[in-house]
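Each of the two complexes below includes subunit A, the first together with subunit B, the second together with subunit C.
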Partner chain A sequence: MNPGILGNIGLVLAVFFSVAGLVAVVFSWFLRDARYVRVARRSALLAFLGTFVAFGALEWALLTDDFSILYTARNHTSASPTWVKFATLWAALEGSILLWAMLQTLYTWLAGRKMRDYWTSPVALGALFVIQLFFLVNVLFVINPFTPVPNPPADGPGPNPLLQNHWMMAVHPILMYLGFVGLSVPFAYAVAAMVTRRYQTWVSETKWWLIFAWGFLTAAIFAGGWWSYEVLGWGGYWAWDPVENASFIPWLLATAFVHTAMVQERRGLFRSWNFALVTLAFAGTVFGTFLTRSGVIESVHAFAGGPVGPIFLGFLLVILAVGFSLLGRVSSEVRDVGSVNVWSREGLLLFGALVFVVMAFVVILGTLFPLLVEAFNGAKVSVGAPFFNQLFVPLGYAMLVLMALGPLLPWRRAEGETLRVLAWMAVSLVLGTAAGLALGWTLWVSLTVGLFLFNLVALGWLIASPIARKSRALGGVRAGMGSLAWTRRRYGGYLVHFAVALSALAIAFSQSYRLDVQKTLQIGESWQVAGRTITVHALRAVEDPHRYSVIADVEISGMGTRQPRLNYYPTSRTPFASPSVAYTLGKDYYLVLQAFDQENAQWVTLRLVVTPLVLWLWVSAVLMALGTAMILWPARRAARAAAAGEVGA
Partner chain B sequence: MRRVLWVLILALGLAGAQTVGNEPPPDLPPKVFEIAKKLRCPVCRGESAAESNAGVTEEMRRQIAEMLAEGKTEDEIIQYFVDRYTEWILYEPPKRGLGLVVWLAPVIGLGIFGFGLYSYLRATSRRAAELEGISEEELARAEAELGRDDEGGAPS
Partner chain C sequence: MRTKYLIGFLIIVAAIAYLAFGGLGNSLVYYVLPSEYAENPARYEGKRIRLGGLVKEGSIRYDPQTLELDFVVTDGVVDIPVQHEGTPPELFKDNQGVVVEGRFDGKVFKGENLLIKHSETYQAPPEGGYTPEEVRKLIEEAK
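== the complex of A and B ==
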C-alpha cells in the first residue's frame, strides 16, 4: 500500500457511494418510499469517509515526503517545515479541489442528517450528491493528484513561496471553502423547494446553514485581507484584485439573501427573488473558481490552467440553467401578496438587499469589463481600485444608513415611539460630521464618523430600551436583563452590525490618511518621520533549510526593534519581502526591506507605510465572527424554557 | 552543492530586484506613491504601480520621483505615462468613449434593479388591496401569533 493507491481507493469509494446515494434518492422520489432516504444518508457518510481517506492519503504522501505521485512531485519539497507540508495540500489546484470535495461530502452528510421532510429531502439530497459528484469526478479523472510518477524525483520544487510566507495561508483557504461549500446547502433546499412547489418554508430551514456559510465567507475575506497586509509588502489589505473580487461577489449576494430571507420568513414576500438570489450566490462561488483556475486571470491564486476552467464554466452554466429554469415556473405560480410600507422593517431590508445586489453588480462589472472589452473589441482598458472606491463610497453610506434604521423599525409600519430615537440619531450624525470637519478631516471621513455614531445611538437604544422596559415591568435591572437572555440571536445580529460600522470607520481612515515613503539609510543612521525616529542597527543573513533570508534590524522609537526581511526561495528568482508591522490602536507602522547593499552591507532601503486604524478592521472581523457564533449557537434548554415562559406569561 | 545553489539564486534574484547594480534605489517622497497608485503595473494583474515590486514599477516610481523633482505637476506626470502606454495604464478608466460605459453601467444597474423592486412592491400591494374579507382583528391575531417565534419582531 502506498499513498497513491490508498488515495485512489478513497476517491473511487467516494464516487461509488455518491452514485449509490443519488440512486437511492431517485428511488425514494419515484417509489415514494422514505426508507431510501435513510440509505442515501448512510451513503453520504460513507462518501465522506472515502474522501477523508483520500485527503489522509495525500497528507500521508506530503508528510512522509513521498514523491511517487504527481501532486507531491510538482508542489512539495522535503525542506518545508511541517506546517507548510501539511498546508501544501491546498497550495495547488488538485489538492485544493480535493479539499473542496471533502468538505462538500461532509456538508452533504451533515445537512442530510437534519433533513426531516421526506417530501423535499430526496431532491435536496440529490442536488447535493450531484454537486459533490462534480467535484469528485474532477478529482478522480481530470486532475487526479494521485497520478503515479514514472521516475519519482528525489525532491520537488515546493509550493508557491508567497503561500509559505505566512501561517495564515494554512487557514484562509479552509475558511473560504467552508463558506463556499456552505452555500450549496441553501441552494439544494431551494432546488427542492422549487421542484416540490413548497415555496415558503425552505428559507427558515436553511437559515442556519446560510448564516454559517456567511460567517465563514466573512472570516475568509478578512483573513485574506490580513494575509495581504502581512505578506504582500505594500501596506494594504484590499486591492480590488480580480481574485479578491471573485470571493467578494458571493459574499455580497449571500448578504443580500440573509436579509431578504428574513422578509420571506416573516411576511411571505420576495419568494421568487430569494430563489434567484440563492442561485446567484451559489453560482458565484463556482464563478470565482472558474475565474481563478482558468488562466483568464493571473494572480497568486491562479494555479496552472488546464481543462479545469472550461469544466467549471460548464458547471456554472448548469447551476444557472437549473436554478433559473425552475425559477421560470416559480415566478408564474408564485404571487406574493402583501402591501409593503417603505418606512418599515421589511421595506428597509429590501432596500438594503438592493444596495448589496448593486454592489455585487459593480464588482462583477468592474472585474469582467476589461476581459469583455478585450474579447470583443481587442482594446485594452484597466478598471482598478479608484473605480471601485468611488462607487462603493455612496453605496457604503446607503448601507450604513439602512443598517441603523432597519432594526429600529417594526414590521409593517413605523409608529411614534420608535421614531423618537431618530431625532437623537440625526443629532449624532450632524455632530459627528461637524466634529470631523472641525478636526480637519475630509468630508467623506467626517461623514463616516457621523454615520458610525448614528449606528451607535441606534444600537444603544435597541439594547437599552427593552432592558429598561423589562426592568420596570419586573422590578429590577437584573431581572430585566435575565428575561432577555433568550434573544441572544438578536444581539448577535446587533454585534455584526456594530462590527460593520466599525470596519467602515477603519476603512475610511486607512484609505484616506495613509503615508507611504521610501528612503535609503546607512547602517546606524537615524530618520525622523511621521513623529518617530527610525534607526537601522544591523543587516544580517539567516539560512533555513527551505529559504535564505536577509534581515534588517530596525528600531522605531518607542516601539522596539523590528525585523523586516527579504526571503529567497529556490524556486523564485525574485526575493519575497516579508514586512514587519508595528500594530497600535492608532497608527500602524509598516516596514518593508526594499533593497540592501550586497557588497559591503553598508546601507538598506526601507519603505515605511503609516496607516491609521487598520487594527480596528481586524477587531471588527473578530466581532463579526463572535456575532455570527451568537446567532448560530443552539439555544440551551434553560433559555428555551425561559422563552416558553415568556410566551406563556 | 546546496550553497552553490543559493549563491546562484541570490545572484539571479538580486539581478532581478536591483536593476542598477549595487546603487541604492532612490528615496521616494509620499507624493510618488500617491501618483503611482493611479497607474497600473504594466506586467502584473491586479496590482498598481505603488503596490508591485516588479522591476518595471520600481523604474516607474523612480521616474515619478525625478519628474516631481523637476517640478512637473501630477497631471503632467500621468500624461507622460499615458503617452507611453496609452490610457490602459490608468487604473481609473477615463469617463469618455469606452470608459464611459463602465461608469454609466452601475447607474443603469441601480435603475433596473430599483425599478424591479418598485414594480414588485407595487404588484404585491395591488394584490393585497384586491384581497377582501380579511378583517383588522384577524390580521392583528395573525400578527400576534407570528410575533411569538423569536427573531425579527420589533423590540417589544
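== the complex of A and C ==
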C-alpha cells in the first residue's frame, strides 16, 4: 500500500457512495419512500469517509516525503518545516480541489442529517450529491493528485514561496473553502423548494447554514487581507486583485441574501428575489474558482491553467441554468403578495440588499472589463483601484446609512416613537462630520466618522431601549439585563453591524492618511521620520534548510527592534520580502527591507509605511466572527420557546 | 410591486451610466509599447498608463543613496526615458522586459510602479535588436 493507491481507493469509494446516494434519493423521490433517504444519508457519510481517506493519503505522502505521485513531485519539498508540509496540500490546484471536495462531502453529510422534511430532502440531498460528484470526478479523472510519477524525483521544488512565508496561508484557504462550500447547502434547499413548490420554509431551514458559511467567508476575506498586509510588502491589505475579487463577489451576494432572507422568513416577501440571489451567490463561488484557475485573468497569484478553467465555466453555466430555469418555471407562483412600504424594515433591507448586489456587479464589471475592452478594440487595459474606490465610496456610505436605519425601523411601517431617535442620529452625523472637518480631516473621512457615530447612536438605542423597557416591566435593571440572553441572535447581528461600521472607519483612515517613504541608510545611521527615530543596527544572514534569509535589525524609537527580512528560496530567482509590522492602536509602522549592499553590507534600503487605524480592521474582523458565533450558537430550550412566543405574539 | 422593480432597475441603470460615462473612462489604465505611444502621444497625455518594453542596454543609472533610478525603455524602434524613484527589483537589468506604471511628464515618463516581466527561458537578443511585435510577445509570455 502506498499513498497513491490509498488516495485513489478513497476517491473511488467517494464517487461510488455519491452515486449510490444519488440513486437512493431518486428512488425515494419516485417511490415516495422515506427509507431511501436514510440510505442516502448513510451514503453521504461513507462518501465523506472516502474523501477523508484520500485527504489523509495525500497528507501521508506529504509528511513522509513520498515523491511517487504527481502532487508531491510538483509541489512539495522535503526541506519544508512540518506545518508547511501539512499545508502544502492546499497550496496548489489539485490538492485544493481535493480539499474542496472533502469539505463538500462533509457538508452534504452534515446537512443531510438535519433534513427533516421527507418531501424536500430527496431533492436537496440529490442536488448536494450532484455538486460533490462534480468535484470528485474532477479530482479523480481530470486533476488527480495521486497520478503516479514514472521516475519519482529525490526531492521536489516545494510550494510557492509566497505561501510559505506566513502561517496564515495554512488557515486562510480552509476558511475560504468552508465559506464557499457552505453556500451549496442553501442553494440545494432552494432547488428543492422550487422543485417541490414549497417556497417558504427553505429560508428558515437553511438560515443557520447560510450564516455559518457567511461567517467563514467573512473571516477568510479578512484573513486574506491580513496575509496580504503581513507578506506582500506594500503596506496595503486590499488591491482589487482578481483573486481578492473572486472571494468578494460571493460574499457580497451572500450578504445581500442574508438580509432579504430575513424578510422572507418574517413576512413571506421577496421569494423570487431570494431564489435568484442564492443561485447567484453559489454560482459566484464557482465563478471565483473559474477566474483564478483558468488563466483568463492576469493576477499576481493566479494558479496555472489547464483544463480546469473550461470545466468550471461549464459548471457555472449549469448552476445558473438550473437555478434560473426552475425560477422561471415557478415565477408566477412566487410573486409577492402584498406591497412593501419603503419606510419600513423590509423596505430598507431590500435597499441594503440592492446596494450589495450593485457592489457585486461593480466588482464583476471591473474584473472582467479588461477582457471586454480587449475583445472590443484590442487595446490592453487594466482597471485600477481608482475605479473600484470611486464606486465603492458612495455605495459604502449608502450601506452605512441603511445598516443603521434597518434594524431600527419596525416591520411594516415606521411610527412616531422610533422616528424620534432618528433626530439624535442625524445630530450625531452632523456633529461627527463637523468635528472631523474641524480637525482638518478630509470630507470623506469626516463623513465616515459622522456615519460611524450615526451607527453607534442607533445601536446604542437598540440595545438600551429594550433593557429600559424590560427593567421597568420587571422592576430592576438586573432582571432587564437577564432577559437579554433570550435575544442573543439579535445582539449578534448588532455586533456584526458595529464591526462593519468600525471597519469602515479603519478603511477610511488607513486609505486616506498613509505615509509611504523609502530611504537608504548606512549601518548605524538614524533616520528621523513620522515622529520616530529609525536606526539600523546590523545586517545579518540566517540559513534555514528550506531558505536563506537576510535580516536587518532596525530599531524604531519607543517600539523596540524590528527584523524586516528578505527570504531567498531555492526555487525562485527573486527574494521575497518579509515585512516587520509594529502594531499600535493608533498607527502601524510597517518596515520592508527593500535592498542591501550585496558587496560590503554597508547600507540597507528601507521602506516605511505608516498607516493609521489598520489594527481596528483586524479587531472588527474578530468582532464579526464573535457576532456570527452569537447568532449561530444554539439557543437554550427555554429561550427558544420564548423566541417562538415572541414571534407568535 | 411594480415600483419596487422600477426603483431597482433605475438604480442599476444609473450605476451603469455612471460607470460608463464617469467612472471607468478615467480609471482605465492603458498598456502601450513605446512605438504605440509615439504614434499618438496626445492620446495618452496626462493619463495613467502602463508602459511595456525592454530596458535598453547600458541605460540604467541608479543611485542607492538618493534612490533615483533612470533608464530607457525600448521596443527596438522607439526609446522612452523613464524616471523612477525607489529600489529596482532584483532582476532589473539590461534587456529585461519591464512594465512601468506611471504618467508622461513632457518627454520623460515618470514611473510610479515598476514590474519585472521575466520569462523562464532567457534568450540573447536577436541580431539587429527586437521588433515591437517580438517585444510584446516576450512580455506577454513572461510571468
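As a convention for this text, the second predicted complex is superposed on the first by the 631 of 649 C-alpha atoms of A that agree within 3 Å, B and C clash if a C-alpha of one lies under 4 Å from a C-alpha of the other, contacts with A are read in each partner's own complex, and residues count from 1 in each chain.
Keep this in mind: contacts are C-beta pairs under 8 Å (C-beta built on N, C-alpha and C of every residue); 3 or more make two chains touch, one makes a residue touch a chain.
Note that this is a predicted model, so its numbers are computed, not measured.
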| item | value |
| --- | --- |
| Combined model on subunit A where subunit B meets subunit C, clash or fit | clash |
| First (subunit B), second (subunit C), both or neither touched by A:Phe387 | both |
| When both partners are placed on the shared chain, which of subunit B and subunit C touches more of subunit A | B |
| Touched partner set for A:Asp516, first subunit B, second subunit C, both or neither | first |
| Touched partner set for A:Ala595, first subunit B, second subunit C, both or neither | both |
| Touching partner for A:Met262 - first (subunit B), second (subunit C), both, neither | first |
| Contacts of A:Gly531 with subunit B and subunit C, given as first, second, both or neither | neither |
| Subunit B versus subunit C as contact partner of A:Gly475, first or second or both or neither | neither |
| First (subunit B), second (subunit C), both or neither touched by A:Thr574 | both |
| First (subunit B), second (subunit C), both or neither touched by A:Gly586 | neither |
| Those residues of subunit A which subunit B touches in one complex and subunit C touches in the other | 335-336, 339-340, 350, 354, 358, 361-362, 365, 369, 373, 379-384, 386-387, 390-391, 518-520, 573-575, 594-595, 597, 603, 605, 607 |
| Interfacial residue positions of subunit A with respect to subunit C in the complex | 335-336, 339-340, 350, 354, 358, 361-362, 365, 369, 373, 379-384, 386-387, 390-391, 518-520, 573-575, 594-595, 597, 603, 605, 607 |
| For the subunit A and subunit B complex, residues of the former touching the latter | 232-234, 236, 239-244, 262, 265-266, 269-270, 273, 297-299, 335-340, 342, 345, 350-351, 354, 357-358, 361-362, 365-366, 369, 373, 377, 379-387, 390-391, 409-412, 418, 462, 465-466, 486-487, 489-490, 515-520, 543, 548, 566, 568, 570, 572-575, 577, 594-595, 597-599, 603, 605, 607, 643, 647 |
| Residue numbers on subunit B that touch subunit A, as the complex places them | 5-6, 9-10, 12-18, 22, 24-30, 32-34, 37-38, 40, 44-48, 50-53, 61, 86-93, 98-99, 101-103, 105-106, 109-110, 113-114, 117, 120-121, 123-125, 127-129, 131, 143, 146, 148, 150-156 |
| Residues of subunit C that touch subunit A when the two form their complex | 1, 4, 8, 11-12, 15, 18-19, 23-24, 26-32, 48, 50, 64-67, 85-91, 116, 118 |
